[in-house]
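Given below, in the form of structure tokens, are the structures.
In the two assemblies presented below, chain A is common to both, partnered first by chain B and then by chain C.
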Partner chain A sequence: MMPSVMRERTVARFCGLGRLTSHKTRVPRPDDDTRSSSALPGSDRVTYIREDSIFFNHQAARTLLNNSYVVFSILQKHKLAKNRNADTNFDPGYEIFDVDPADLSLVHVSRAYRRFLRDCTAELLKNKDTNKMETLYLSSIFFSLELIFHLAEILNLDHSQNSHMVPKLQEWIQYYFNESSDLADSVIKSRDDKSPVECNPDFWPAVTGLIMTAQCKEARRLLGLHSKKETPAIRTLRQLLHSKPELQSSGGASVAINFSVQWEAWLKEVRNQLISGVFSTNQHCLELAELLAGDNKAEKLVYENSETWYKFLVTYVSYWKPTVESFRLGEIARKSMERFGMDSQMKAVDKILLALFESDLYQVIESLQEFAESGWASLHMTDLLYHAGLLSNVVGQDNKIAENLRTDLIIQFGTLLAANDCVWRTGLSYLDFAGSQGVGHIDLILQSRGQKSAKDAEILLYEAGKRNLVKAERTICSVVSRQYLMEKRLGSALMWAIKGDNHSLASSVAELVLREMAVNDEYSISDVLPDLGTSIISSGHLVFLVKYNEYLTKYHDGNKKEAVTILIDLITSGLAPPYFIPVLLKKSAQAAKEAVKVFNSTDLSNILGVLEELVVTAHINGTKDAKSAVASLESSEREIREVLAQSICQAEIAELAKV
Partner chain B sequence: MWPLTIMARGWPHALVTNKSRLVWDLDLHGSWHCTSSWKAHSGSVWKVTWAHPEFGQVLATCSFDRTAAVWEEIPAGDGPGETARSHWIRRTNMVDSRTSVTDVKFAPRQLGLQLATSSSDGVVRIYEAPDVMNLSTWTVQYEIQAKMPISCLTWNCSFSSKHLPLLAVGSDEVAAPQGTIAGGQTSNVVIGAAKVVLYEYSENSRRWAKAESLNAVTEPVHDITFAPNFGRSYHLLAIASRDVKLVILRPLEDSTETATGLTKFSVEIAARFEDHYSVVWRVSWNITGTILASSGDDNCVRLWKANYAGVWRCVEVLRDDTGSAHTSADSELPPISTGQSGGHSYVPLSAAAAVSGSQTLVGGATKYYKLGSIKNQNQVPWH
Partner chain C sequence: MMLSEVERLNLNNVSSRMPQHGGKSWKKIGFHSGKKTSKVRFVPSKTKHDNDVGVFLSATYEEEKNELCMWSVDPMAQFEESGEKLNLKCSLNCEFDCVDMKISDSGRVFLCWSDGSCGMFTVYPTLQPSFTWQNLHRSGGQLHCACRGVDVMGEDVVTVGDDGKLILLNSYNQTPVKSIDASSVGLTSVCFSKHNEVVTGNSRGQIAFWDLRNEGGKPTGVLCLSRLRGEKTVHPTANSLEKHPTRTHLLLSGGSDGCVTLWDLRNAKFPVEFERTHTGPVLEAHFHPEMQECIVSCSSSGDAFLWDCSLPSTPSTFNPVANGMNYFF
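Now for the complex of A and B:
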């Protein structure tokens, strides 16, 4: 076939959990009539692809995962217990929060997540062995997540007491962008007697930065180091900074009103000083005073000194709208972004922060899914917002959508983790919180994870047993049993089949064992049999096998009398499969030879009867088994008959003698 | 479809490629070994399918040579020779078909050891092995005449006892050109006839009967797959045709009242993906039935996923960049991550969002890594 009529086709197929195989195959072009002639040499390369996640590869991320799972599960249990008014004091996991269980709030949970994120970032940066670029990339992701979770906490979760936004936002920005404070420190440290401190090029940027992030006390202290601090410009600026009223983050409307009054008065003072021209001697002071006054001239200064639009936003609200309500923030955020000309080049973080300011929570979750690693962030964020009841408020009164979304995310995340050999059990634990769908997934995952060894299977069984998933247990055991069966380890196969309650398989394996025993005198599985318990009743083969084994044990222990009794039972009960009768006959002949006294004549004639029956059925309408059984007897049939006949005689004589 | 099929074995442990009929095993250290290779049929093998591991290491093949066969693995000899190859024994050969056998699928395991085959003369045969320990005896339990060439079939695997066993078959029959119809030669070919038909097993009459024709699908169908179903009240069927269609089959409430005992379904197209802009050859569900992979003539593999609101989106596009598959690429390929443009094999396109605009709610965050590739049987490429 000419290559010209060939074309390549890519074909992909899922196989196993979270795994995809793909390969190319060469096919003839459709217009080629000979297409059915023979197998075509397709590509001999198969690509095996799996879904990846940082939780699979990084110890630091795995620690984050484990910690956050603990917190996640406590939150779920806590909410559940709260709904039932149950007592939760006994859960030891609460230690994580360092808070009384009764007072546990979503803010504590969110803080715990943030702490773990921070630890994870630190851990990543500490570990120098790993790929530098990758570490930096990952730590930047975790840093952004911390930033996002913190803002979400401020805007959505922390509604304890009529709180005010601006102080919290200031705190937020100070926490993550504190370089002006560091700058101030370095300015103070590097000061010497030779030149005044203001000659340090970092002096004024540090002051500006501190004032912009609302750290006025620090700014005032730094200004106090100025060599000409007694000049009117600096003195007045320091005084204004000192008298600037601070809004407390907590407190109700009265606090806000009080603050407004003070703020207005202070603002008037600042403006008066500006008009008086006291700052005209010092350009820096003038600009800063304009900033304090919320003058539009200062906007440029703020813009130039803000690295990000959200830092700009915080400075803006600090001096222009110090009592702003949270619902106005979205509008201001959008304006700030426009100021930065970012509409077209929004990064994921920007998108998420903007959505947070705009209270578009579904957008937050959507963007988180696109941005963050493996669904960790979107799941935990959604869960927090869900428990805060914020998702249902968005879409009318319907809580269904929020619930579905949460369940969906848990399932996505759980299934992703379940595909990995290291974290799969954490995945299952997450799925435990996804309701009936989660249970279904766990069931399926346990059945399809596959086991490389019996030890793996034990773990799978443990997980299934914990959740009472009988069907999964059965499947796992049956598969293990089959594997042993293939390796011809019949004893183990039997044990696992019984463990899995798979009667038909157990019975089939028992039959194989019996057949093996029939041809191989040495074969024994007595090490397994004692563990079988009561389940043997399920199958005739099994009952027989166990009984026969009992006989063997007794016989070897020298307890011949009891052994023979069992043997007689086995032969005469009719339970024995045809292929096994020869074995029993030989054994009984042997026993009769050794210890005649145990048998009575009736037993012996019954045994002889069984032999007769076998021979007759084999000749008339015998099954393959009966025929081969007789064939296997061939050489010893005569001997058995002789021994039996002799024994009958002896037994009858003995019995007559007794009479 | 065409000569090569891969399936997971025992689930995550092996691949079989049926062109050369190789079985690859994944050992404990994550390397692949070719454990078996054998000649199975005298014609092209269309498809290979694994039975549930509960039934042992069993696979079935179907071929252009008009037969289907069931194979069982027998470990190589006794003793400690671990490296010895196991061999596969043909347990049975199903010779009932008079034309090429186009598809073979094992039934969900709760139905026991059943096997459905389809042939290009339009017959679906359902075989059963009454004794699961004895794979040599298979009897034809049912024969369904579909009256159209069948290219593919699928069992529904529902875990709910409320759902009756369902089979869906697809036909790749190309509607005859107008001219031939005018000539009266092929009057039985109806343009626009449904190419996907559902059959349901009725407990009352103990037979398979036609439950529904999907009139929405009139183009040749190349592959068809039910999504694994647990907990859903409806069935989800993926159809590979000129595009990918997702069909929701919702059993109607009052369905059992009908005399036949057959379920009535409401048919609803849940999604239609035309992103391949070409014929789609294969659709495959992940184990949990949440992600669909479609492969088309554009040499892309697209992964689809529904968000919480049931809206299906493309979450990932995997493109084969090798150009020619038989180039002598290195065996030790570096792992290729999203965004990097490696020269070999699969390069997941950077972000799904970039492809599908702002439409995704799920997605973007999913990453697929290449784990390894198999080139020749002697190689063990793995990173």
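Now for the complex of A and C:
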């Protein structure tokens, strides 16, 4: 069997915005000597490929997209970065849409994004009828994004000279990893009179977890349920937990100093109690007391009870470095990761969190782009950091790099959305914030999108009109007009040509109408022609058509004198196209028969003159139009001449009689 | 307090707003449906069951799976601040985009589709399809011909479409009763004026009156929305038409230039134009079913206005008393 000289190849090319088409084809092998360079057709199937995104068809994600866009636009329009006096304790939630923007700042925007992410996750988990693996995967991504945004907010946005890191980090961990609280609740619920609560195997892990996440009040309460709570070990531990000083998250240097003093005193107390041996009767209490004392022996306990390195980090700073400054967190984060052996097995979330702790913001953005869906997260994060002025400082150069990065991300995300039929208008709205590049993209998108119906075209026109994209408006209108022209819907074609200021197209349509009338003596678009106003100025044919329509209307309504004046103007002005002159002549003859009194002899002579001219020109050197016009007059030329001649006589007699 | 009927288009939010006492502010009890909604209509109170408050329908467009959904408002929502207060009762999948929707007093829903057909549904006991008149409006070429407007009076239904045809249907008859070539450009809106009289709006800004008993294809009267703006004549599309429920000489129109116009048909040369126009095309303008002097309008730019015509003002202009700003796309 001869080996095939053709090999099969898949070919793909761009087709429209964000789409590829792909099909198989066969091409000759490179070593083929037959020099046949054209590819033979392969399969007759063409596949359309486009990028998919959760934002296109998951209801929860669509809600996230829309809500986050609104907040994004509020941020851009009202320059919230400058509102430094806004109340940072306010968690706006969905009220952010209704609150006065003067009361909002970047922190509120970040909280709003987090709220939307949270609701998106909750919604995804609620609708379990979709593909379960996919839903779980997506909800874990959104959960991680919320975690990341929250940490970014703590470290970069909700961060003034007066604020302290540790309490916020504690809140952060408590919010997302509240297994200890749940465990404590289940221990409390499962209490019964038969056995003491501390026999529950979860009791001490719950207490440990609560203390590690700095929920000391709850830990103390749980310890209070211990059957031997009056023993010195437990009583002392409870008392230490009660007297542990808490650092407020805001308050400035004086608060920090006060706290340091109290903390040192309390630490001393803890260490004294440890030395005194009061905890020796209870191993658990001893370990927990070592943790409270910031003793290195407790580090192993913390490690064993931390599921993740960042939980370890928060416990570490809570008890070893409660007044740590934010710039030291990077170092501590690295050490925590090494402790957990994460260097070699860093997941995307770990990379991002580490970069946040190290304040490597460009790394955060890069990692977000790789990790998360469609560029939503990297765009909104970049935008927040950009408005906080944090991106330019990092590079040490002017703001251009940060600005360009933000613009690029907006364009990337906007064009992804604009390629989809459901969310394309959201894409355009994002591109509005990408400066002149965004405008350019929008212009192209609107012109190339295509419309399936007049309503689609109206929407495209509205979007173009909103942005003063005159060229796009004209293109859209012209395309629709030509589509109607192909369908022979002349009224709509004319209307769209006028809308798009396409004078030549309007003129062409008007000419078609006139030709139709020349043949059929009636036309379909009479309802469109009145009240065109200034739209007709652009085209001689259109002016002529409107005037002719006016003549017909007036004549029909009985206003013969005015109608005839218009008719005479039409005939003698020279505007009439040659193929239409026969119609005008027939009308004049008809009008002269019915109402000769409204004519004067000069006008009638002029009309006859036009007929003469037409005939002569056609015979000598006439165009095709002129010749066919004369041909169509053939049967009625004689009659018209007779009527006109008679009318001229009658008119002259009437004029002489007046004199 | 009765919920006012607000129809909002091009939305991803399905929400209803209640004017508070005096109509000075809106209270939002909204919820995000996650799909682009083209029409929202309240189901008339006579046809509801007693325990349902504020039942309404929503229809989507430009979605991969379009839907017609029925929602009810949680009665306790009036007293709470925010949160999810709308319950989805049922939904039906639709193949095409919904362009217009009307509900008759007898509980039948009529939907216009973007493929030129009109579908009839019943609301109770559950939302279910009844019959679809296929291919009412057809095109001869590449552009689809959508059915753009529908209105119902009793058993009679009238539809208009991009092909410029006005078609009369009967709820019990599967064949159209009558078809009129009403316009050489597309018709965009329609409403019943009297039992045999219909008002249509076209994409050239002409509002025409038709007597359905006439055989000829000529309207009995024409109004014009075109106006001179600066040096150029603008021909706005008549997107919305409605007759006043009791004062039949009043006609309300909403145009694509953002103007809401009130016509007194006894003196149609001087219509009343509402002063503070929308910045985008007016998609719907309606007379308030309960408050006789009030008009509600909404537009593509995302605003909804409540106009109170009973307040003293200059003779030909009114200002909105409440302004619900919202963000839709």
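Just a few scattered comments:
The working rule: the second predicted complex is superposed on the first by the 615 of 659 C-alpha atoms of A that agree within 3 Å, B and C clash if a C-alpha of one lies under 4 Å from a C-alpha of the other, contacts with A are read in each partner's own complex, and residues count from 1 in each chain.
What we mean here is this: a contact is a pair of C-beta atoms (placed from the backbone, for glycine too) under 8 Å apart; a residue touches a chain by one contact, two chains touch by 3 or more.
Note that the structure is predicted; figures quoted are calculated from it, not measured.
Number of chain A residues touched is higher for B, counting chain B against chain C. In the overlay built on the shared chain, the residue A:M486 is in contact with chain B and with chain C.
After overlaying the two complexes on the shared chain, residue contacts for A:R118 are found with neither chain B nor chain C.
When the two complexes are overlaid on their common chain A, residue A:K455 makes contact with chain C while staying clear of chain B. Once the two complexes are laid over each other on the shared chain, residue contacts for A:Y48 go to chain B alone; chain C is not touched.
By the touch criterion defined above, A:R515 lies against neither chain B nor chain C after alignment on the C-alpha atoms of chain A. Once the two complexes are laid over each other on the shared chain, residue contacts for A:V70 go to chain C alone; chain B is not touched. Applying the stated contact rule after C-alpha superposition, one finds that A:R62 touches chain C and leaves chain B untouched. Across the superposed pair, chain B and chain C both touch chain A at residues 452, 483, 486-488. Residue ranges on chain C touching chain A, taken from their complex, read 10, 12-13, 28, 32-36, 62-64, 82, 99, 114, 139-146, 148, 162-164, 183-186, 202-206, 208, 222, 224, 226, 228, 231-233, 235, 237, 256, 280-281, 300, 326-327, 329. Interface residues of chain A facing chain C in the complex, by the touch rule stated above, are 56-60, 62-63, 66-67, 69-70, 73, 93-95, 97-98, 421-422, 425-426, 429, 451-455, 458, 462, 466, 480, 483-484, 486-492, 495, 498-499, 524-528, 530-535.
The touching residues of chain A, counted against chain B in their complex, run 8-27, 36, 38-53, 365-366, 369-375, 378, 401, 404-405, 407-409, 411-412, 415, 436-437, 440-441, 443-445, 448-450, 452, 475, 478-479, 482-483, 485-488, 504-505, 508. Listed in rising order, the residues of chain B touching chain A in the complex are 1-8, 10-13, 15, 17, 19-20, 24, 28, 43-45, 53-57, 64, 73-75, 78, 100, 132-133, 159, 228, 230-231, 281-282, 284-288, 290-291, 293-295, 297, 299-301, 303, 307-309, 318, 320, 322, 324-326, 329, 337, 345-346, 351, 353, 360-376.
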